[in-house]
Amino acid sequence: MTGVTLNNVIKKYGDVQVIHGVDLEIEDGEFCVFVGPSGCGKSTLLRMVAGLEETTSGKIEIGDRDVTRMEPADRGVAMVFQTYALYPHMTVKQNMGFGLKMNGYPKAEIEAKVAEASRILKLDDYLKRKPAALSGGQRQRVSIGRAIVRGPEVFLFDEPLSNLDAELRVEMRVEIARLHKEIGATMIYVTHDQVEAMTLADKIVVLRAGKIEQVGAPLDLYRDPDNKFVAGFIGSPSMNFLSGTVTNGQVQIPSLDRTIEVPMNLPAEGTNIWVGIRPEHCRAVKGGAQKVELSEALGGVSYTHILTNNGEKIVIEERGLERMKEGETVTLEFEANDVMLFDAQTELRLR
Amino acid sequence: MFPTPLERTSRSWQIGYQSLLPVAVIAWLLPLLAVAMFSVKPSSDFTGGDYWSWPSRFAGFENYGRVFTDSPMPRYILNSFMITIPTVIGAVALSCMTGFALGVYRFRFNLLVFFLFIAGNFVPFQILMIPVRDLTIDAGLYNTKLGLVLFHIAFQTGFCTLFMRNFIRALPFELIEAARVEGITEFQIFWHIVLPLMKPAIAALSVLIFTFIWNDYFWAVVLTQGPQAQPVTAGITSFNAQFGVAYHMLSAGSIVAALPPVLMFFLMQRHFIAGLTLGAVK
Amino acid sequence: EGLSGELRVFSDMSNPAPRAVMEGMVERFGAMHPDLDIELTVIDREAYKTQIRNFLTADAPDVANWYAANRMGPYVNAGLFEDISDLWAEPEFAALASTKGAMTIDDKQWGVPYTYYQWGVYYRQDIFEELGLTAPATFEEELANCEKIVASGRACYTIGSKFLWTAGGWFDYLNMRTNGYDFHMQLARGEIEWTDDRVRETFANWRKLIDMGGFIEDHQTYSWQEALPFMINGDATAYLMGNFAVPHFRDGGLTDDQLGFYQFPVINPDVPMAEDAPTDTFHIPANAQNKEAAREFLRFIVSADNQTLINAGDALGQLPVNAESSVDDDKFLEAGFNMLSNDAPGGVAQFFDRDFSAEMAKAGMEGLQEFMVYPDNLDDILERLEFVRQDTAE
Amino acid sequence: MTDTTAAAPHHSWFHRNRKTITPWLFLLPGILFFSVYVIYPIIQSINLSFYKWDGLGEAEYVGTANYERLASDRAFTVSLFNNMKWLLLYLLAIPAGLFIALFLNQTVRGIRIYKSLFFFPFVISQVVVGLVFTWFYDPNFGLLNGILGAVGLGPINVLGDPALATYGIIAAGLWPQTAYCMILYLTGLNAVDPEQIEAARLDGAKGWRMLWHIIIPQLKPATFIAFVVTIIGALRSFDLISIMTNGGPFGSTRVLSFYMFEKALSEYGFRMGYGAAIAVVLFFIMLFFIAYFLWSMYQDEKGR
Amino acid sequence: MTGVTLNNVIKKYGDVQVIHGVDLEIEDGEFCVFVGPSGCGKSTLLRMVAGLEETTSGKIEIGDRDVTRMEPADRGVAMVFQTYALYPHMTVKQNMGFGLKMNGYPKAEIEAKVAEASRILKLDDYLKRKPAALSGGQRQRVSIGRAIVRGPEVFLFDEPLSNLDAELRVEMRVEIARLHKEIGATMIYVTHDQVEAMTLADKIVVLRAGKIEQVGAPLDLYRDPDNKFVAGFIGSPSMNFLSGTVTNGQVQIPSLDRTIEVPMNLPAEGTNIWVGIRPEHCRAVKGGAQKVELSEALGGVSYTHILTNNGEKIVIEERGLERMKEGETVTLEFEANDVMLFDAQTELRLR
């Protein structure tokens, strides 16, 4: 009923087009996360759904209502900002009740709704305080409370946690997951943070330069990316890419001096391709032609930076007691099954 | 911090600095201190040609007393308040609105209107003199406090708009967006959200405008005459005419005229300085 | 009589004594007309001069102070003063005949005089005696006296020219004594070039006094009041001034034995003696509300009794205009009255800034002040004044 | 969960256009006042400068005669020249203010009081400043000559000497103006990035070189404002002249703003059109600076 | 020759003592990292070495010179600030050459040194730009260049990367490691970031409240912390701590309902202790008394939050294909060897 549908949505600032015809369907109650590099249009797209930016062309529907030209207030959305955007001169309670009050709700109803939100978010002890007297996490909780109170059909979050420090971020992330489970509303969430995206999302939308690159469940994107961009973007440390060529129905990887046989339909002989391999799928064995440039030991895990003999770089993950040292020469090992291939031209995945 | 904080310097330099401070202040305020001293000297000191010696006796009470009893000074001071306070209220009110419009909305002539306000504020006001005087006369407001107030409000609106607009610009715009998403009308946003947040700016601006208007002389001369409407800056000239060469009285009168803004400054120092810098910087 | 309503009077009589006189007059007039509500506004004398234009157009009172002769020209021409020829036609006004000329423009009368006063030299009799000097009758004697005074370490004359007009008095006298009343008035009307040799002669005479150190130094920084102490303290021996200065001398502690008065001495014996005797006046603005009461007030002002009263030595200390009034038996008033009645065959001028057009007066007095400080600039000054004369003549 | 959608938006014209209309509604009173009292009078003044008018009777169109007359008017030349002096010398307030600010930029006991006292002259009216300095310069009893006398220098009559008077008035004006610049610099110094000073200390910059290479460049915003307010102050100078010399001695301390007033409204002035022409000249001088200020502000706005 | 030695160094602000007698020896060419919670005095200590804060008492030596009372410029140190502290009105080139110019170096020499630094840091293309026209990473590189140019004996870094975004941070980290290898100078580096500390340091100094808690090589601290503070501070996610008691010469862990035998000298019977176990040393097996509260899947690894039956929380790391789901009940398994014990009172490690 209250999913969000974008239909060939386009945004131009003057002559500059920043959103290039986005089509997207978000189901009722789904938690959808927008990720992508900085400046790719995540915030813009979110704000278009909110009605804070005008939509140049295309259609935005919430439920079955066409909201493309509606005022933000009439869309049934609530937004949570990165900077919280709490009214600093009002108490927590007033902040949460303000929208209702201005829209003429009766006092008793406001009280009830605020109390309910405050219960959900465990804000009861702070209702009388002003935002300045709250910690970052509490502030963000109030700003979520303000959104809840209005009972919107869709919640919009624009990097709500990026102003918090690492510890709080983890805590609030868990909280938002719980909230989504509890009230079950549709949520759209913009973030830079891999971990947030992977852990919160029902569906991740990867954007690049105003276009959708891929949409899917987090682990689907991780395991089965459609193109090199998504493969490189999802997962940390990023997937390694080595250049390769299709030779004799096999893939030749010059930097490793190795040819692998992969169980898929390879393109024409001689085609240049990218060979993608995740750090955790690689092992280094002592002795060989590759050189360890740097080893970053973090305790349980080490990231070992390896320079191949033709200058390509690879990062591998090492665990266990024996780890490579800088300057050692190694051979890289991996299962041909774990490799992903991408067309060098189109960067599309070869399957 | 620059220059090197005093704690990091040598002992002798510290002592030198500490003792230089009062000397410097006295030198800086010397002309004013002289006037302050004049104002408590008895008239006999002057007729004896004895200007610079220590007051032969303290005549402060009688001199200042006479300022209030023997001259229209109280009237002038009252006028000053009756001109200054409505102007402050009016200019601040207008500029809250203009500042809001220019700071929050993106529309075609935004910058143009804004620059017009700034440019108008920088204009040498002599170019306004004749037409404004005629306008005031035609409106039957010549020699009324209202005439002066209306003009001051209009002219100060330029500066105040610059000030308010820049202040509002510095507020997080998300506050307004958040309110819009919540379905709060534009006027409610102005009244319930932006205005409360502008309190510091309003305080700073009020103090600043208060002194500007209190100290205005030019327009007082152009638009008013006589003790019904003239503020104390203009009044002081007729006070001088009244007391001629009675320097003790002139000094006392000058100090009385200067006092309200000075008090204002000391009471509201923080706002005042905030105003000076905020207004101009951004 | 049934005068009622409000009568608003604007006055420039802001110095303490004149102010008291003005307030007294209003009080007495008010007592005669209990139903009349009189509002008196006294404005600083210097400020009044700039403000009169504003209130005549914008906020006209019913009665206002001003000055006679050319000085009222702009307002008469602009129709801002009421024609009160009807008052002058009344028989009581015959006693004012001597000033009728000064109140007349275009054959109509535009105001009434309430006082006038002589100009002349007030001097320290005691110091003159101490130096063995007598009041000079000729310019040569004047110069001789001055030389001795300067030799004694004093200045002959005090003057405060910050507000310019005091220098105008000096020019009036020097010019009227050198070239005569008629020439002076021609100059005032702009009919003679400032670069004329006869004008130069006037300045040459003036320069003699300047060069010998006759005037106090730094006079350009003082107002006329600020220049008084020089004479009171004996640093200067004389002051060319209007009679209104007398109470100030007395307040400063000079007794009538110390203070003397003489007529400005003869320079060119061929021209008849003429004097400055500015007349101060009351007018009814054309935009006045209560003209009936205003006319009554003017009648009251010029009445012989009132003129006697307000011009008395303890009041204004000046001369009544009404011929039927009596002059107070004050040493200086009598001397002045005598001088103007008997020793001014050449004529009576109003004063530099009232006889010359406003713009000429301003530029002129500025030039005069400059001349007094930098006499060498004379050629330049005269050229400038000539430029203004031609410019205003257009 | 669906309350917010309950009310279907009613599409009145105002509702649809409220984002466009609201700012103009808010601007309306301000623009109205400003147009009536500032914009329109400027136009009117320019118009008036082509007329001959005594302020009482009918105005007579004279074309550019007023401006032609300006060219040969010595008093105008003097005023213009004095304005230049004001402009140049008033700028001394900027280094002087910086100097005092540096002097006071310490944290010792009572420094706030000292700062306030130094700022004092700015708060009091220029009329009072004028009076105070008139007495300070008084050739008779003035403190200045007292001090000069004490060190064996001859008495001077600052305000009576046409060669000195303007400088004397400017000095009086510099008093409050320096205080103003001082405050601007004090707040500017507060905003100087301490890490940059530390970086410079590590780089071996000290004293004057630190001031010149690191501090002053960072005070640029403060300097800009100080420049703006000082220029405006210099061109608006009226009160001090009016109080201290009334344009004298013999017109040597006039500036355009004063001369304009004198020509149009003073005791002897009846040339409204001519006064307007002087004001227009002043306006165009200022316009030169206004254009510069607006240009810099525009650069800033664009940069956002 | 140019190591740094701190000798009972103390810093007081007025009456407040913030550094409590620190003794530390940093070898020539060593990369030393200060870590510790916010406000523990890392920056203060660094700035004392730089000479930007006065040393209240104690002695600081660089090489064999006593620099305790020297001017910053004379100490032969260079500092890189968190906020870069570039001179905004100078070009990149001027910024880098400023220190030399102030010290009266001839122009040609300045040119040469700036050119060399710019080469090392790959800044050649930006020499003419002002800092405002640079990205955060470029700015930080310039600020490092400024330090290099002066050829200092000791480099000081105060959280140089914390204003950069995640990606750039990784990149710059590698760059700094390379730089250290290339010029081999002594470096002292303050950071909040685990990964930076672990990967860059030759020697980590863990500070708490103005005192040194432990000094050592990164993996030594990881593997062999001296106390609970260091154990919890080093490693991410942090070590889990469960309360335990010495019972019958074994350690009883109530929350797991389990008793373990550990190969070390245990304290007296009944002593309360903390049992520390790292997330990567734990495995969860289906079925049991513990409940999975939340599972955060990040792709190659999942962090599983487990609530024990007496309310203590544990995070474990899971890899491989089979991972626990929320709501499942599990049993925790770990090797007794991987466990560290700490005295509950003193928090010191029991060995």
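As written, the chain order gives the labels A, B, C, D and E, with residue 1 at the start of each chain.
The rule we apply is simple: contacts are C-beta pairs under 8 Å (C-beta built on N, C-alpha and C of every residue); 3 or more make two chains touch, one makes a residue touch a chain.
Molecules present, by chain and UniProt name: A, E = Lactose/L-arabinose transport system ATP-binding protein; B = sn-glycerol-3-phosphate transport system permease protein UgpE; D = Multiple sugar transport system permease protein.
Just so you know, these numbers come straight off a predicted model, no measurement behind them.
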{"item": "Fewest touching-chain hops separating chain A from chain B", "value": "1"}
{"item": "Those chains which touch chain E and also touch chain C", "value": "D"}
{"item": "C-D against B-C, pair bridged by the larger set of C-beta contacts", "value": "C-D"}
{"item": "Angle of rotation relating chain A to chain E [CA atoms, steps of 5 degrees]", "value": "175"}
{"item": "Distance between the centres, which are taken as Cα means, of chain E and chain B, whole angstrom", "value": "55"}
{"item": "CA centroid of chain A to CA centroid of chain C, Å", "value": "93"}
{"item": "Centroid spacing, where centroids are CA-atom means, of chain B and chain D in whole angstrom", "value": "14"}
{"item": "Touching two or more other chains - residues of chain A", "value": "71, 73-74, 150"}
{"item": "Residue numbers of chain B (touch at least two other chains)", "value": "49, 133, 183, 185, 221, 234, 237"}
{"item": "Shared interface positions of chain D, touching two or more other chains", "value": "4, 55, 214, 265"}
{"item": "Touching residues (chain side chain B, partner chain D) in the complex", "value": "1-3, 5-6, 17-18, 21, 24-25, 28-32, 34-35, 38, 49, 51-52, 94-95, 97-98, 100-102, 104-105, 107, 110-111, 113, 115-120, 122-133, 135, 150-151, 153-155, 157-158, 161, 183, 185-187, 190, 211, 214-215, 217-218, 221-222, 233-234, 236-237, 240, 247, 250, 254-255, 257-258, 261-262, 264-266, 269, 273, 276-277, 280-282"}
{"item": "Complex interface listing, chain D residues touching chain E", "value": "193, 195-196, 198-206, 209, 213-214, 217-218, 220"}
{"item": "Residue ranges of chain D in contact with chain C within the complex", "value": "54-57, 69, 72, 74, 138-140, 157, 159-160, 162, 245-246, 248-251, 262, 265-271"}
{"item": "Chain A residues within the chain E interface of the complex", "value": "38, 174, 177, 192, 194-195, 198-199, 218-219, 222, 234-236, 278-280, 294, 296-301, 303, 305, 317, 319"}
{"item": "Chain A - residues contacting chain B, complex", "value": "50-52, 71-74, 77-79, 81-85, 87-89, 98-99, 102-103, 143, 146, 150"}
